[in-house]
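Chain naming follows the written order as A, B, C and D, and within any one chain the residues start at number 1.
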């Protein structure tokens, strides 16, 4: 007995005016399997929907086609209608006779409308029901890193009731950029004590992640802490592993910020200069200080901010002469214009030069030579301390992490290469997020916003302890699968694993949780073993067959 | 009758050999010309065996011609075209007609030749071929049967001193030396330090073996680039290519001869090895000019 | 035989772009038939060949812009498959009927219309 | 795993030129894994043939079927009725499959649509490389697990030929590594270079008396 198909046409309250609906109704009624055709003008409104539910029940319709506006617009509403009428929401297809037919062409488009409905009917006839189910997920979150973003994420996650583990390579937390604390008004010390006090957060220092398996809601992670290995389960993983800096000095090889101070002449990084400011027992306070930025790294917003901050503090504390060499001052984030104005008011001298200044050592002091654009002359300046410009590079373990999690990195080695769909914090694998420095985004102001969006996403995913998924919407049939591994290699979301089914041979298994429903695996599977309900080959080919030559 | 090559190797301190390349056809007049021209000027005349897998008049045929004309042939045998039965039969035939010097080679692959769809044999490789000749020298064939009349060949082989990486190549040379060879004629050599490194390596495994450095004159920058790309085992260094590029138009050949002679002189004066093997592919008639320019006549 | 143009439109970019073209009343030839797919990477070679078997004049595969694919590699795979399809068709001397891939973003209805017009021009030139 | 590659379309069109009704038969094991003759390729080939014929103003009816393994009589048996309906069979299986089918259906021409190339493994997705030549006398223990018989263009046993290119590439193809350079590097890493220094006498090329037969122990 052929499955009963109900077709509901809607003229969208007259908005669709170049289709002869009576002709369409007559023609559609003749399609094989169609037992009920109805024309309405307000199908998406409450009244239209109720009428639809009662029709489905009375005519005991088994499949529904709605020929009206674009599915992008109303699909979910009509799926609920089916569910209310006791039908599986998946047994439904739409014919877009409004945006892609009536509004897209002038003149009478009745024939095209009929054909679009025929395509939808052909497809709906083959659709199979897809159940929905709630799968339990682990509610714990693993946060990698120990700096400002990591600590903040952990604190905010625990505030929304999620247990977090803070995993830090170094022996102690709080290796964030100190020089910006005063500007952003946060104090790492108090944050660390808040973390220690919070029973929702477990801190594992001098620990490293050795291996990760599984998917969103069910990551199993092996961690090595002081030689012994612990394995844990987590629902989501957040990377806040920050960045590292290297002094961008042409005159010397690229030295890491830490080891420059020992090279005799006083060239320091912003962080070291900040520590000098805080160090009350400093023997000689530097009389003349040099700063430089925006020569080797265009997006120098972060260095500019640090320079202005440190220069102001040095001026107030030591009253020393301060010269800042720059190519261009970029003050585009919040509060920086005011800071720049304030620095100039209290006497910090800004010197603009095209080429980066030449830096040499001269009897224990730093000699800086540059050509000032406005004066048009060469300036030679000897100063006690030079705070050099820094290059921002991915953190040390970034490469190993990216292979462990098999996640891609952008050309500069930072995570998440600005793919517009994953922006700002997502990764191609559900359940794995990035924040702050490890994404190459150094503006801590924005990082705070990122943290809240990650916390919101993780909360949304894990807080209820279960995620509603479509069961086996994309499924690899164990009988047909020849385990050729193509789908596993191809899946952009790492949602497919090789698994032994009831002791017999190994076959590919697609995880409903991690699958993002793209269908790439279904297209490439050489044994035609993978079926994507709603977009199976038969369903696509049926639509093609419905297209007659005009 | 030329003195046997085996004696020359023992007595002469700088041995010179050249190549008589067979033609493509049964007309051997050109080969006879080359034999007449070179037989008294060099200590031995190598005859290539389907060189670079291009089908030609058989090597053994030219060797017999050299014998007739009073020269001393070196019979080159590759493992590409004949299996172990055919090779043993050819060796018996060669020896019975007075050819007593053999150069054991692996042979170029079929893909570089002009019969690209032929089946390559490679029943043996060059090291196994050396062992085979020793077996025959001892009066038995490969299957262990007694021979009615054995053979006694002076055995030689090849090597590529400028191979990159070199170590795998040296391991094979070591196997060849252990198998027992009287002389080595190397692939073309353009950098003397590569040759020195090679001879030093050979010396500390076997002092007696005589090493003849391969000399392949290059007659133009374009030709050099072509050879680097297509002729297996040839690596003309850039500085030589530049030198050739500066040579005025049309003087490519004489420039090539001049460079070859310079290399030979250097080898002789610095006593880097025991002689040279000149391979002037397709221009055998110009070999005397090289010998003269290098002061070997 | 004035056949149809079958267009496989990716849900994340091409299908919303087509809707937007309709909303803005940007008209394009009527013989276009859109088949909605979750990603351009879902379109398989056999779908394209079957479209031609059914008399399609041309086939369009419309996916996200390079580097902006919701599923990272969907659009690049589609590009490879379209190239492979053209090769298959050339093998059987059916190269009068083109298969083309266009990249666009959901807010680019003009690109959608331009793609349809371009393929229509190609069909006219090859005298379908 | 057996690797194969579909024949060029020109050749296939000649093979089935005289026939109006053809069964396109795929195999679900090796040729599926190497994208040469699985269910997907069967559909593509059938569609191509129909398009080709309609471009020439002619027609062809194609039946499509894919069995798990075409080298098993019982599985090929399942195609009995379909073969009866057609004039010829176009098999996308390796040589073993084509011949099993030919033996079972002796009254109908069974034509190969793929060229069986070698036993190999995937280097990366979509690219397969030869690894084993089924020589019947495995030599892998002496070369650190790299087979010189098929991965060296000349199948040499005692080290590289004189033609290796710069960087340890093969004489006949600058893209391919010289097997003996690979063997040298691996044995060096394992500290077992003595294996490479050893002399290996000529191989027994008749280890498998072609056509080979293997009789498993009577279970």
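Quick note on the criterion: a contact is a pair of C-beta atoms (placed from the backbone, for glycine too) under 8 Å apart; a residue touches a chain by one contact, two chains touch by 3 or more.
Quick caveat, the model's predicted, so the values are computed rather than measured.
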| item | value |
| --- | --- |
| Comparison of A-D and A-C (more C-beta pairs in contact) | A-C |
| Taking each chain's C-alpha mean as its centre, the one farthest from subunit B | A |
| Intercentroid distance (Cα basis), subunit C paired with subunit A, Å | 29 |
| Inter-chain centre distance, subunit A versus subunit D - centres from mean C-alpha coordinates, in Å | 44 |
| Approximate Å spacing (C-alpha centroids) for the pair subunit B, subunit D | 39 |
| Rounded Å distance between subunit C and subunit D, as computed from the means of their C-alpha atoms | 35 |
| Of all residues in subunit B, the ones touching two or more other chains | none |
| Residue list for subunit D, restricted to those that touch at least two other chains | 40 |
| Subunit A, residues touching no fewer than two other chains | 490 |
| Pairs of chains, among all present, that meet the touch criterion | A-C, A-D, B-D, C-D |
| Subunit D residues touching subunit C - in the complex, by the definition given at the top | 8-10, 13, 40, 43-44, 47-52, 54-56 |
| List of subunit D residues in touch with subunit A within their complex | 28-29, 32-33, 35, 38-41, 125 |
| Contact set on subunit D toward subunit B in their complex | 153-168, 171-172, 178, 180-181, 183-184, 188, 193, 196-197, 199-202, 205 |
| Residues of subunit C touching subunit A in the complex | 1-4, 6, 11-12, 15-16, 18-23, 25-28, 30-31, 33-39, 41-44, 46-47, 50-51, 54-56, 67-74, 77, 81, 105 |
| Subunit D-facing residues of subunit B, complex | 80, 84, 105-109, 111-112, 120, 122-128, 131, 142, 158-160, 163-165, 167-169, 171-172, 174-175, 178-179, 187, 232-233, 235 |
